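I've put the structures underneath this note.
Each of the two complexes below includes chain A, the first together with chain B, the second together with chain C.
Coming up: the complex of A and B.
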C-alpha cells in the first residue's frame, strides 16, 4: 500500500486548527484534559485525504483535502439558534457546562477529534421520564469564512418522547462540524429529522452517536441537499433489548457537490431491529457516497437488520460509491441488505411522455416517486411537507 | 440455542487427505534474496527476460507492505524462513506414466485423481468425458497426459516452465499482462519466485476437446508454493479448466501465493473451476495452509466470456478474489462461489468486476457457510466506468451461520460512473431454518443428513455451474467439511 504524500498546504490546514486551539484553549469551557487528548488525536489522525498518512477505510471515498486547504476565521459566537416554542424539553447551553458525553470517539474519528478540541457551544436537551417533549427546532444559518463546531446532546429519560428538527443553511464558504450525542432511555422515542441545505460552497460534517436502551426507538432521517463537501455519519448502538433504530435519508446533489452518508449500527442486545433506506439522486458532476454497516454481536440473537440503498444517476458525469456491509457474529438473526444503481427507467419515462407529460415533469415525477420510499418514513406531515418543498426547490435548481 | 449449535465441535474429523509422501526432495536453502531468485531461474534454465522479470518483481516486492485490509488474522509470516524451491529429484522428465515415481502414483490414487490414460468418473460409461491432467507435485509438474490429443487441434497445455522453453514468444507476450508485477504484495512475491504452474493456449476458433485439469499438491515441509497459471483463448476459442487441491496434514502453516491470469479474445470463452481442499488446520486452529491467491481474467475481445466457479472448503486462511476486467463490448464475467469455513478457518474471498466495455454484463453468486469458530467474509467490487454504456451487474450474496461462535461478513463495494449502467446487489444472512430441519427430520433423515441436504440446496446455484465430475466431488466435500460441525 502506498502512503499518500503529505501535502504541505493541507498540513498547514491541520496546523491552523491546532494553532487555533492553542490560542483559544484557556478560554474554552469544560475539562481541559478531554480537549488535550482530542488535540493529540487530531494531530495523529489528521484530515483524511488531506494529511492522513494512510488511507482509512472509513474515509475511502471522501477526501478532506479542500477543507485542509481552506483558511477559516476562528471564533464564532453560537452557530445555531433554538426554537422551544412547541416543546417542554429542558434546554441548556453546552457552553455553560461543557460536559462531554461518553459516546463520541475523538480517538477514532478525525472530525470528532476536531470538534472535541474546539467546540464552544451547542444545544443540550433533556426530557424527563414519561414526558412528551414536543418539537424542538435547532437552526444554523452561517455566512462566513468561519469554522464552527457545535456540540449537541439529547437525553430522553425512560418513556420520554421528543421530535428534533435540525436545519442548516448559509452563504459562502464555511465549515460546520457538528457532533451530537443522543441517549434514548428505555421505552423512549426520539424522532430526529435533519435538513442539510448549506451553501454550495460550504463544508458540512455531522457526526451523530446514539445509544438506545430497552425498547427505545431512535428514528432518524437526513435530507442532504447542500454543501460542497458533506458527510453525515451516524453511529447507533442498540444496547437494550427490543431497541429500534431507523437511519433513513436522501442525498440530492448536483454541480460538483460531494456528499457521504456513512452509518454503523451495532446490535449489542437481543431482539433489536434496525431499518435503513438511503437514496441518492445525483446530477451534474456530483458524487454520492453511501457506507452502511450492520454489526451484530454474539449476544444479539433474534436481531432483524435491513438496509436498502439506491442511487439514481441523472448525468453521465455523476458518480456513486456504495458499500453496504454486514458483520455478523450471532446465528439466529435475519439480516439483509440491497443496493441498486441506475438511471431513470426509459420505459417509465416513455409511458409518461406518451400520455402527454412533458419530459422535465415526467422526470420530476419519477424522482419524487423514487424518493418517496425514504421520505414516507417521516411520519410528521408538517415536517414531511417541509422536506418535500426542499426536494422541489432542489429539482428546480438542478434543472435550471 | 438450536440443537445444531449445541453439537458444534462435538465430533471432530481428521483430514481425510492428510498424508505425506516420502520422496527425496531437491531443496533450495531457506530464505529469500536476489540470489535465490537467480537460483530458481538458473535451475529452470530460464531465458534472460524471465530472470529480469523476476528481479523486477522481487525489487518491487521488497518495497511493498503486506496488505492488512482483509478480515484475517495470523502471526507475522517470516518470509525468510521458507524454502522457495523444492523439486522431486529426477533425472530426465518421465516419458510415460510407467516412468513416474510409483510413490507419486499411489498418492494420486489415494486422492482419486484421474491420472490414468482414460480417466473416467464412476457411473459414466463408454462415451465418457475425457480429462487431461497436469499434475503438480510441489513445484514441478511430473506428468502430463493427453498431450497428443490436444496438440492435434493445436491446443498447448503444459507446465509453464516448459512453455517458457518451447513457446517463449507466447509466454513473454502474456505473462504479467493481466496481473502486473507490482499488482499486490503476494502477486509480486509470486512473480519473483514462481516455480511452476500451467500454461494453456487455445488457438483461434478451437473448442478444446476435453476439460483441462490440474491437481496441485503441497507436500514438502516448509515450502511455500508459488504457482503461475496462464490461459490464453484466441478469438472464438473455448476452454474449460479445472483446478483441484488437497494437501497433507502438518503443523506448520504453509504459504501458498499463486497467480492465475486468463485472457479471452473476441467470442472466446474461458471457464475456470476450482475445488480447494487444502489442509484447514486442526480443530484448535493449529496448522493449515495460508492461501493468498491472485486470480484475474481479462475479457479483451467483444462477446468474450470468463466464468469463475469456486468451491472453497480448505485452507486455514483464504485471501482470494478471482476477478474479471471486462474490456470487450458485450463481454461477460461470472463468479460463482461456495466458501465453507469451520473450526478456526478464516476466509476472505469474493470478486471484482471491472466494467469498461459497452454492454458488458456480470453475475456474482456467492454462498458463504460458517461453522465452528470460523470467520467467513465476502468482499467484492463492482465498478462501472464511464465507457460502460448499458452494462449490467447482478450480485447475490448469501451467508449461512451454523452455531453461535462463528462470524459471517459481507463487504461489497459498488462504484458507478455511468448512468446507463445498472447494478443490483442483494445479500442475506441467516441460520438454517428450523422448520426446514424439522421437515427433513420428521421424514426420517438424521440431523446431519438433513443439514447436508439443506446446505447442498443452499449451494445449488453455484454447484450446478461446476463441470459434472467436479460437482459430484464438491458435494461430497461439503458434507465432509461440515462433518462434526452439525448434528
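Coming up: the complex of A and C.
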C-alpha cells in the first residue's frame, strides 16, 4: 500500500534538517562527498510517516511525523561522555577523523542518512588482537531542544574482547539519533549493553550495524524504558563461519510511549548462530513494535536461528505489533520464531496475594518474572543489577 | 474464632454455596468432607478472597472482623492461609524470594521488622529440614517442575513460615504417599495451639487419623448437611455419602 500524505509542517521539518546541513556543511569533519550523498538520500527518503515519502515496510508501524513537526535548535550538542577507567580500549573522537565506515546504509535508512549528513562527533573504540579491553561506558545526558547525531564505531581485532555499556538519559524534548558501526574480528567477543532511559518527551533512534567474522560473537542487549518515540534498529551480518549474534532486549513502556525494536540478521556463512528474545511490558496507551527478519544466504548451511518476541499487556489500551520474517535460501538450516501476547495471570496474582503480598508488589514480581529470562542474558552482574534497578524505577513510575 | 453465617456464593450465574453456617472456635481443627462438586474448594477460595467468586449473601467474621470486606493480602495479614489443592506455578520467581517476600509482607502488616536474606534462609532451612525437603527447593522457581508431593510440601512450608492463625487445607493430603502424609500432618500438628485453628478439606480418613479433628462437617450441594465428632469421618469412610445425601434430599 502506498499512502501519500502531504504535510506542510512535516516537510518543513525535513527542510529544516537540510537547511541545518547547508549552514553547517563547511564546518563538518570528514569526506564532504559522503555528506552530500547522504543529504541527497535524506531528501529522497524524507521522514517515514511524516512527509510525502511513502510509508515503507521497514517503517510500517512507526511514524516520524512528530519528529518532522518538531523544531529543534540548530546548535548541536556534543552528545556523550565516555568512561575508560575500566578499559584498555583505544579511544578517539569521531570528529578527529570522521571516517565513515562501510557498514551503514544512508541510501536505505532515513535516520542513518540524517545521521551521516549531520554527525559531528561520536566514540571510536578499538581493541587490538588478543586483548581484553575491559568495560567502556558511553553516557549521553541531554537537555532539549537539540537534535544530535552521534556516530560511534567499535572495532575488535581477532581474539579481542570488550564490554560496552551505553546509557542515554535526559530531560525535555530532543532528538538523539545515533549510528554505531561494529566490527567483530575472528574469535573476538563484544558485549554491547544499552540502557535507553531518555526523557519521556524525547525521540531516540539507535541504528546499529555489526559485522561478525569467523567464530566472533556480538552479544547485544537493549533495555528500552524511555523516549516518546524510540527505535532500536540492529543489522547484524554473520560474515564468518561459526559467528554468533545475540540481539536481546526488553521494552518497558507506559503512557503514550512508542518503541520499535527492529532487527535484520543476515547469515552469510555456514554454522552461524543467531539468538533473539525481545520482551515487551506495555502499560497505559503505549505501543510496542517488534520486527525481526532472519535472512539466510545460500552458502550459510547449518545456520541456527532463533527469534522470540513476547508481550505482557498491563492495560487494555496498550498495543503490540509483531512482524517476524524468515528469508531462507540455504536448505540445511534450523530457524524458528515465535510470538506470545498476554496479560498478568489472575491465578498467579491471587496466589501471591493470598500469601500476604500486596497487589502492586505481586504485579511487580510477576513482571520481573516475565523479564527474568531476558535479563539473564546479561551475564555481568554489576551491569545486570544496574538494569534491574532501572526496571524497578520504571515500575514505580508506571504505578504512580 | 471463625463464624460463617448464611454464606452464599456463586461463580458467574451459578450458585455454589447455598447457605453455609459454621463456627470454628480458636484452637480447634475442623474437617470438611463431602462429594466432589459439593463446594468445598469454593468455600476455601471464598474465605481467602479469590475474586472470581461472588459472595451473594451471609457473613464471615474472623476474630471479630468482617473478612469479606478485605483484600486477599489483608486476610493473609489477619492470619488466614489457604493451602491450595493445585498450587500455582510461578516461572521466573525464585522460591526463596517468594517466601521471603510473603513473610516480610506479613511481618510489615504486623509492624514487625523485615528479615534480610541471611536471617530468612536460616529460618527457612529449619523448616525445610523439618519437612524433609531438599535445600534446592528454595532455589528453584515456585512449584515449577515440582512433583505433586513436592508442591504440597511447599504449601506446608509456606504455612510453617507464615504461621497463620487460621489454616484452610484444601486436599493437601491428595497425591501424597504415607511418608509425605505423615510429614504434612506433623507440620500442621506443630502449629496447633490455643490460638490456631484449621479447616481441613479432605476425602480421606487417613489424614484425620493423624490430625484428629474436633469436628467433622459434611458439605453437599452447597450446604453443611451433617456435623459430628471424629467418628463421623470413620462412618463416612465405611458407608460413603450416598445414605447421607438421600437423607438430606
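Definition applied: the second predicted complex is superposed on the first by the 395 of 400 C-alpha atoms of A that agree within 3 Å, B and C clash if a C-alpha of one lies under 4 Å from a C-alpha of the other, contacts with A are read in each partner's own complex, and residues count from 1 in each chain.
Heads up, the rule we're going with is that contacts are C-beta pairs under 8 Å (C-beta built on N, C-alpha and C of every residue); 3 or more make two chains touch, one makes a residue touch a chain.
Note that the coordinates shown come from a computational prediction; the quantities given were computed from them, not determined experimentally.
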Partner chain in contact with A:318 - chain B first, chain C second, else both or neither: first
Partner chain(s) touched by A:298 [first = chain B, second = chain C, both, neither]: first
Of chain C and chain B, partner touching more chain A residues: B
First (chain B), second (chain C), both or neither touched by A:57: first
First (chain B), second (chain C), both or neither touched by A:353: second
Chain B versus chain C as contact partner of A:365, first or second or both or neither: second
Which of chain B and chain C A:341 touches, first, second, both or neither: first
Touching partner for A:330 - first (chain B), second (chain C), both, neither: first
Shared contact residues on chain A - chain B and chain C: none
Chain B contact footprint on chain A (complex, rising order): 1, 57, 298, 301, 311, 313-343
Partner chain A, residues of chain C touching it in the complex: 48-52, 71-73, 75-77, 81-82, 84, 87-88, 90-93, 98, 101-103, 105-106, 109, 158, 162
For the chain A and chain C complex, residues of the former touching the latter: 346-348, 350-359, 361-362, 365-366, 368-373
Complex contacts: residues of chain B adjacent to chain A: 2, 5, 64-65, 67, 69, 384, 386, 399, 401-431
